[in-house]
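Down below is the structure, laid out as structure tokens.
Chains here go by letter, A, B, C and D, matching the order in which they are written, and residues are numbered from 1 within each.
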Amino acid sequence: MLTTEAPVAKTIELGNNIYLLKILSPNIASNIKPGQFLNVRVSETYYPLLRRPFSVCDVTGDHIFIMFNVLGEGTKILAHKHKGQTIDILGPLGNGFTYADDFETAVIVAGGLGAAPFPYLIRELKRNKKNIISFVGGKTESDVITYGMENIFISTDDGSLGLKGTVVNLLNRNINLLKNEKVKIFSCGPNAMLRALKEFCLKNNLECEVSTECAMACGFGICQGCPIESTHNHEKYLLVCKDGPVFNVKDVEI
Amino acid sequence: MNKVDLSVSVGPLKLRNPILLASGTVGYGNEMSEHIDLNKIGGIVTKSLSLKPRKGNPPQRIVETPAGMLNAIGLANVGVEVFLKEKIPFLKKFDVPLICNIAASTIEEYIECTKILTEERSISAFEINVSCPNVKEGGLQFGNDISAVGKITAKVKAVTNKPLIIKLSPNVSYISDFAKVVKDEGGDAVSAINTLVGTSFNIFTRRPKIYNVTGGLSGPAIKPVALAKVLEINQRVPIPVIGIGGIMNWQDVIEFMIAGSSAIQLGTVNFINPKASEEILKGLEEYCIKYNVKKISELTGSLKLK
Amino acid sequence: MNKVDLSVSVGPLKLRNPILLASGTVGYGNEMSEHIDLNKIGGIVTKSLSLKPRKGNPPQRIVETPAGMLNAIGLANVGVEVFLKEKIPFLKKFDVPLICNIAASTIEEYIECTKILTEERSISAFEINVSCPNVKEGGLQFGNDISAVGKITAKVKAVTNKPLIIKLSPNVSYISDFAKVVKDEGGDAVSAINTLVGTSFNIFTRRPKIYNVTGGLSGPAIKPVALAKVLEINQRVPIPVIGIGGIMNWQDVIEFMIAGSSAIQLGTVNFINPKASEEILKGLEEYCIKYNVKKISELTGSLKLK
Amino acid sequence: MLTTEAPVAKTIELGNNIYLLKILSPNIASNIKPGQFLNVRVSETYYPLLRRPFSVCDVTGDHIFIMFNVLGEGTKILAHKHKGQTIDILGPLGNGFTYADDFETAVIVAGGLGAAPFPYLIRELKRNKKNIISFVGGKTESDVITYGMENIFISTDDGSLGLKGTVVNLLNRNINLLKNEKVKIFSCGPNAMLRALKEFCLKNNLECEVSTECAMACGFGICQGCPIESTHNHEKYLLVCKDGPVFNVKDVEI
């Protein structure tokens, strides 16, 4: 874990208010794992004051990528960064996905911006010779992010693209695809979705790792700002930033 | 070799430099040790410890505000026992003064914690948190009750001969009244300030953003208030003050020392720039050289009023 | 035609909308009238008036701080007489409720000012400033003295039948105690908050940046604190609250109303964006339409706690 | 007096940390007078919170200029503005110089950044057929700003350029130049300089207008933040922003 002043290599607008920032950082690129995150200082000033956490989206060579949509001031500033400007990055942070274990097919389940960590994970899954199926959902067509996904199934709440329904409905519809093989689910998205997914996985006895979110101050365990309830020990919270952000779905209350 | 003498005294507590890391913003040191050389800083103040482990508040615990942040951690901590068993051994590897911050719901709990911890040789001093705005049980809001603060000071002092610092609440009419009772009851120093009570609402759900409803405001936003509190104590009560509140850089440290601080603590800045303490030490040294300050402790209370 | 009913009541005071311009940040209206249509805003609160003209503090009176500013104007004002003769005629040209803010060094002076001003028909209400941190004479620091605040409320109430608002100091342990005494003594509403005491030093000269040494902190930095004070009053005392502190945009207004404000005042933002009040009114209307709020006054105290 | 969103036309680096910002604002350009000022919001954010006051430096056609050196955060942000970005300007503010009255020679006395208001004043003085002599001082060579000046005499405190001494010493040396004509002095600079100049003018019975400074919040009279002591009425301060910033040197205590 380090703080790095890293130069922006490229700002890529994917459309629909979604941006990719390509950043040069050999150091982070060679250390970070899919599912880990970075805590980014978007401005040298006190506006905004706190760093902003982003999953690593992809890694190519010496470059790392983050994917985000413009929500508030922090992401607005980030979207305006241009080539050559440096940004102050703290990371790699947290624990990433476990994907080298014994399964054949990786099932990606992403809701909206929950797509962010998967391009990198999919790259690594392929290196590990896993099959990949991606279930991608959004509220409406413009929320569906398929960037870096493979073997894609789509759902939208309003039916504007793919199945009308949630991504967990979509998964349920295609449950036969998961039946014949050793599968592991990897997911990221809004809490409501993760909750539904957890239920689905428990019912169908499926392995599942989820990347969770929480408002954060430090991102590395010193502020205690990011508690998440453990299913095993109710005396003590886990910390999203240190113990997560990726958890086995069985280990946390969502 | 240092050309400037950065050492300071906070009453009986001698520090190699005035830069302490504030309670709740450095955990128990391990994560910070990846960013800075703990052997270089003036000292570490632990997260508030209570007798038993505390789970703390449910999320959301953190909200950003203009030039500040609200937190309502609710004193989540491992408790005295685990602290001694699991955290102290790590901290012992470093040559850094350890100030143990204690929070409690009753006067008895303060005494009990101090009694247990005072046996541990590697603890240099105690900082008693009578001012956490984010816990509700215990009934008493010690920080706003002058006689409770006096009693805690006297009773804790009676069970330890380590330097005793009382961390004061800014959410009072006259903080110097509290500093005075600390002084009168034998406290060695005061820390000022803890966070200001604040809140924030989600205008769409109409709910408080923080689960605990209110939280403690920290960060640069509160710096002018913290400075005024330090000044107030400095002008009215002859007790050493550890200045805290929104310190982001070496300039801010000088400002707090001029206003009357013997040492200072860095809080929120650690989240944003975990290397801040080391950068600040460099800045302080350069300032002292440039302005011919031989001992940094000369700065304490060196303000000039008309 | 408005689709939303923006009108609010602050006790007996009826306003066409909840946006007032805060004392000391709108002068006596003339400069602001070049930026906004005074006929559209909820009301103007005058710069604090004293019986005799006050020169105010020497410079420097203003210092910027992170997301805030300190001021120590020292209640510079033209005095009641000049106000009536020279300022009121201009204000009468507009159809805007005028709230006269009064500051004084003695209880007698408060009474005297109110007696004189209450004769003026164009004055809609009084706001009594018991909380200015920047004047030293007069001995008493009214704002921190609960019985003085009670006495002022009762005695001023006795000489006017216009709505009486007391503007409270945030520099106290429990602001709701003060709201309660205002309520008990017949005050119609409270304004919360005035500025927080703060200071700032020049680290090269070691002098306070502000001539008066301390000043009052305002601006977005204090918003979370102000909101918590409004909430505290709302939860403990059944008295209308005018929310003030760091309001910069319509979102902030909604937040203050949810927390318990019947109306709000814009202060520092007027310096930065003199058109803020009009922009905010537009934003409020859009919010109300979008979220189906028929009367904006429904928002007051509409927060949902668990 | 208005707030205007005006586009930056050009950022000109004069060197030695001095910048000129050329801004398109037909409205301000056609209304503003030499010595008046603008209160500029350098950022949409709360960082910095307050506007920053700058004298109008020059006007050409539809464009206005401000001149500044990078001191703190505000001027740093301004120096990085580039063509096309808009800035939020409040102005014209205050009272400018009076230069259409009955004198023959305008004597400019500028210390450091005090040079800022004079390019425009000189332009207007010339339109009014006045003679111009400029006395320009600085601490050292790099502080001497002669941009837009005419008929220039120079002093530096350290003697690195021109006379070694203050600009008032310089003026005193050249007092003979002022003796034969109807002159009026126009000055701007640090307070210490203005004080010395005031003494000089009173002693030599010279007409003099000075542009003064004070920390400001609003810039247009509503905050009472910018008092300056009047020589005539000690019961009441004048306001730099409304009653000034230009005053007859006899009217204010400096």
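Definition applied: a contact is a pair of C-beta atoms (placed from the backbone, for glycine too) under 8 Å apart; a residue touches a chain by one contact, two chains touch by 3 or more.
Source: prediction; values computed, not measured.
> Which other chains touch chain C while also touching chain D?
A chain counts here if it touches both chain C and chain D, which gives A, B.
> Please state, in steps, how far chain D lies from chain A along the shortest route of touching chains.
The fewest steps needed to get from chain A to chain D is 1.
> Quick one: report the Å distance separating chain A from chain C, using the average Cα coordinate of each chain.
So the centroids are 47 Å from each other.
> Which integer distance in Å separates the CA centroid of chain B from that of chain C?
Result: the chain centres lie 34 Å from each other.
> Counting in whole Å, what is the centre-to-centre distance of chain A and chain B, each centre being its mean C-alpha position?
36
> Please set out, as single numbers or ranges, the residues of chain B touching at least two other chains.
Counting only residues that touch two or more other chains, chain B contributes 66-68, 219-220.
> Do you know which chain A residues sit against two or more other chains?
46-47
> Viewed as a graph of touching chains, is the assembly arranged as a line, ring, star, complete set, or other?
complete
> For a test of understanding, state which residues of chain D touch chain A in their complex under the given definition.
It is residues 45-47, 73 of chain D that touch chain A.
> List the residues on chain B that touch chain C in their complex, please.
Against chain C, the touching part of chain B is residues 65-68, 70, 144, 171-174, 196-201, 203-208, 211, 213-215, 217, 219-225, 227-228, 231, 246, 251, 254-255, 258-259, 287, 291, 302-306.
> Would you pull the chain C residues touching chain A in the complex into a rising list?
Residues 66-67.
> List the residues on chain A that touch chain B in their complex, please.
Within the complex, chain A touches chain B at residues 1, 3, 41, 46-51, 90, 214-229, 234-237, 242.
> Spell out the residues on chain B that touch chain A in their complex, using ranges where they run on.
Touch list, chain B to chain A: 24-27, 31-32, 34-35, 47, 53, 55-64, 66-69, 71, 73, 76, 219-220, 248, 268, 270-275.
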